[in-house]
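The structure under discussion is supplied below as structure tokens; questions concerning it will follow.
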Amino acid sequence: MLAKRRDVVRLGGLFAALATIGMLTEEEALAQQQAWNKAAFETKNPRDTIKALGGSSAAESKDITMTVPDIAENGAVVPVAVASRIPGTQNIYILVEKNPNTLAAGFTLPQGTEPSISTRVKMAQTSNVLAVVKANDQFYVASREVKVTLGGCGG
Amino acid sequence: MPDPMRIRANALADGVDVRVLMSHEMETGQRKDGSGNIVPAHFISNVTVSHSGKVVLSAEWGPAISKNPYLQFKFHGGSKGDEVTVTWVDNKGETRTDKAVIG
Amino acid sequence: MPPRVIAVRSRALAAMAVALFASVASAQNSNSTMDEIARYRQMLQEGNPAELLIARGEELWKTPRGPNNASLEKCDLGLGPGVIKGAYARLPRYFADADQVLDFEGRLVYCMVTLQGFARADVVKSPFSGTGQRQTDIESITTYVVDQSRGMKIDVPQEHPKEKAAFERGRYLFYMRGGPYDFACSTCHGADNQRIRLQDLPNFEETEAARLAFAQWPAYRVSQGALRTMQWRINDCFRQQRFPEPVFVSQATIDLITFLGVRANGGTMDSPSIKR
Amino acid sequence: MMKRSRTLLAGAVLIVSFGGCATSSSAPPTEQETLAVIRAGFRDRGIATVDRLNQTELQATCSKYHNNPPQDVRAHLEKAALATVKYPGDGKWLGDFKQGERIAQTGVGLQWTDTAATVNGGNCYACHRLSKEEIAFGNIGPSLYHYGKTRGTSDETLRYTWGKIWNTHAYKACSQMPRFGDAGILTEGQIKDVMALLLDPNSPVNK
């Protein structure tokens, strides 16, 4: 999950500056920056996202349950819940295929935490939403289409 | 200073259910303001939830998480009266930590 | 069954994922569009960001502020100074001190001016937060106060002559067609089971619909990522009606809210709600 | 009717200046008192100016009867509305259905958040079902799916459809639909495009 070395170096200055005005200690800032996978969040399609997350292939799995609306009345808030029954689940990722950047979120689930999370994402348009699960260092995927509709009489 | 979170942590038969609402703009970096200038991205990038000094969930978010984010999950090993701590950090280095007692 | 491996390098990943799940999706698609929208709305109910504002509103209510360094705790919302519980559900109403019918936001402005000493012009200048802006004090306080009426019966009084007059004028405005589109409130809200696009339009001449609609404002609007008050709701309806802008807490807006509130009497407050 | 409105406005100012006295009796407010309060409750913002509160005869009549006028009034309004319809000068009824679909999807124009330069939309989908593909359609107006397929393009249909879009009250007094031509919401060219959306056999409406 390390960001590329040059990103860390480039952002070092910014975070050092923030540290001096007391928002974060330098170590904290650096630790957080390293924990944010810039390369993965900049990908433009699911294939590249999974690659950037360290995978080479993803298997379609029926052991991933996605709870999403078939139709979202507004793309600004689309509830997404993902639960994995795949043994050894380490990470859950939420991808929105047609967003400007594909990866919306990644969750790391230590032992003792249920492999199930619920959150809300933005969708720029009707798209497939993908749940990617990393378990025992293998990648698995499930997908559902969510239609985003227009609303109101002034837009 | 960012507004406080709303954290609910409830001990249920099958684990501790944690629900968090965070107050954050989650600016995408794609939106233009009234004068046509791009509003810079501003979003929570990392969330950490811990219990008894142990991390029970960590998350990396991009700007596609909805404004005023919501998060729900469950962990085992917590009991009523324990504290759950949630910390977020955004891409500008702002941060906020709040705690809730498991009910 | 061992999972079938798809090479990530293949462009087919997304396409295959769609194909694999299309059957599942289509089976669930037998519901009508409106059922699916109802399901989406249901999914939103858990975790209403309006909750984030309640604490801030409470602090603003209780903190001494303004030129008089006074809190709002002595503000009389109709049930006596400082009584908040259930107050929102009984507004708008006539206030003898102001000799006027006021809705909650109108009364809040009155208290901020008379108790705290703020200049009225400053208070009413920017009552609604814009995109990407922090919620205003008025929005925060309104959220705190309306939350204290959740579960209470809507009981907008019609006793004082001025309360009756407000209702009559509100009703007139409700049916008043104008502007380049010839719209009135009643264009959208005067018949049963109407909708614009997929948004249901409550018929305010029908008791149950009026109750449900009135009970859910103020509301957190996910489309705007913001808590919106009843005055905002009226304001944005008139924008889409192509009317000129209603003046914040003007008598005309309060009259209209009185009309809607009286129509909703007997309903149960369920605000702040969360909406599209 | 502009004259009538100005008279009301003058009355309004007078009543406002008397403050609360106007409604202190227990008698219901008069129409003049009500209009005074309404006028005081709105202000100009951008292109949405308070003169929009000056009702036309049609607006005032439909408001008064809650859109259900008696038969003789109805006939009068319909006759007056039909007289406002301007049919296409070049005799061509149909434009580009693809442009028509865009107009049907767009709801901007004439709000205080728009400008004089905003190209107005028709926002047809707000109230009508049109193409099969768009599932987010309203139901204030009837479904127009297969409009052309079921009606064809006879001269009579063309004239009726054009008139209905130009000034809906020509065929149904106190209809809820805007007067897209008469009120200057859409241009003649835009109305041709909407006509094509409804009547062109290749339009998604007729698929």
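So that you can tell them apart, the chains are marked A, B, C and D in the order they are listed, and the count of residues begins at 1 in each.
In this section, a residue touches a chain if its C-beta (ideal position, glycine included) is under 8 Å from a C-beta of that chain, and two chains touch if they have at least 3 such contacts.
For clarity, every value in this text was computed on a predicted model and none was experimentally measured.
Chemist: Hey, which pair has more contacts between C-betas, A-B or C-D?
Modeler: Looking at A-B and C-D side by side, C-D shows more C-beta contacts.
Chemist: Please indicate which chain is farthest from subunit A, where distance is taken between mean Cα coordinates of the chains.
Modeler: D
Chemist: I'd like the Å distance between the centres of subunit A and subunit B, where a centre is the mean of that chain's Cα atoms.
Modeler: Chain centroid spacing, subunit A to subunit B, equals 14 Å.
Chemist: Centroid of subunit C to centroid of subunit D, CA atoms only: how many Å?
Modeler: Chain centres of subunit C and subunit D, defined by C-alpha means, are spaced 27 Å apart.
Chemist: What is the distance, in whole Å, between the centres of subunit A and subunit D, each centre taken as the mean of its C-alpha atoms?
Modeler: Using C-alpha averages as centres, the distance is 46 Å.
Chemist: Taking each chain's centre as its mean C-alpha position, how far apart are subunit A and subunit C in Å?
Modeler: Here subunit A and subunit C have centroids separated by 33 Å.
Chemist: By the touch rule stated above, which residues of subunit A touch at least two different other chains?
Modeler: Residues 71, 76-77, 120, 149-154 of subunit A touch two or more partner chains.
Chemist: For subunit B, give me the residues that contact two or more of the other chains.
Modeler: 26, 66-67, 70, 72
Chemist: What are the residue numbers in subunit D that touch two or more other chains?
Modeler: 111, 113, 125-126, 135-136 - these are the residues of subunit D that touch more than one other chain.
Chemist: Can you give me every chain pair that touches, using the contact definition above?
Modeler: So, checking each combination of chains, I get A-B, A-C, A-D, B-C, C-D as the touching pairs.
Chemist: For subunit A, which residues are in contact with subunit D within the complex?
Modeler: 71, 147, 149-155
Chemist: Which residues of subunit D touch subunit C in the complex?
Modeler: Those in contact with subunit C are residues 20, 23-26, 28-29, 31, 33-34, 37-38, 40-45, 48-50, 52-55, 58-60, 62-63, 66-67, 110-113, 125-127, 135-140, 176, 178-179, 183-185.
Chemist: Where on subunit A does subunit B make contact in their complex?
Modeler: Result: residues 1, 14-15, 18-19, 23-24, 28-29, 32, 35-37, 41, 76-78, 81, 96, 99-101, 103-110, 112-114, 116-123 of subunit A touch subunit B.
Chemist: For subunit C, which residues count as touching subunit D in their complex?
Modeler: Touch residues, subunit C against subunit D: 33, 99-100, 161-162, 164-165, 168-169, 172-173, 175-184, 186-188, 190-191, 193-198, 201, 238-240, 242-247, 250-253, 255.
Chemist: List the residues on subunit B that touch subunit C in their complex, please.
Modeler: Result: residues 3-6, 19, 21-23, 25-27, 31, 33, 39, 66-68, 70, 72 of subunit B touch subunit C.
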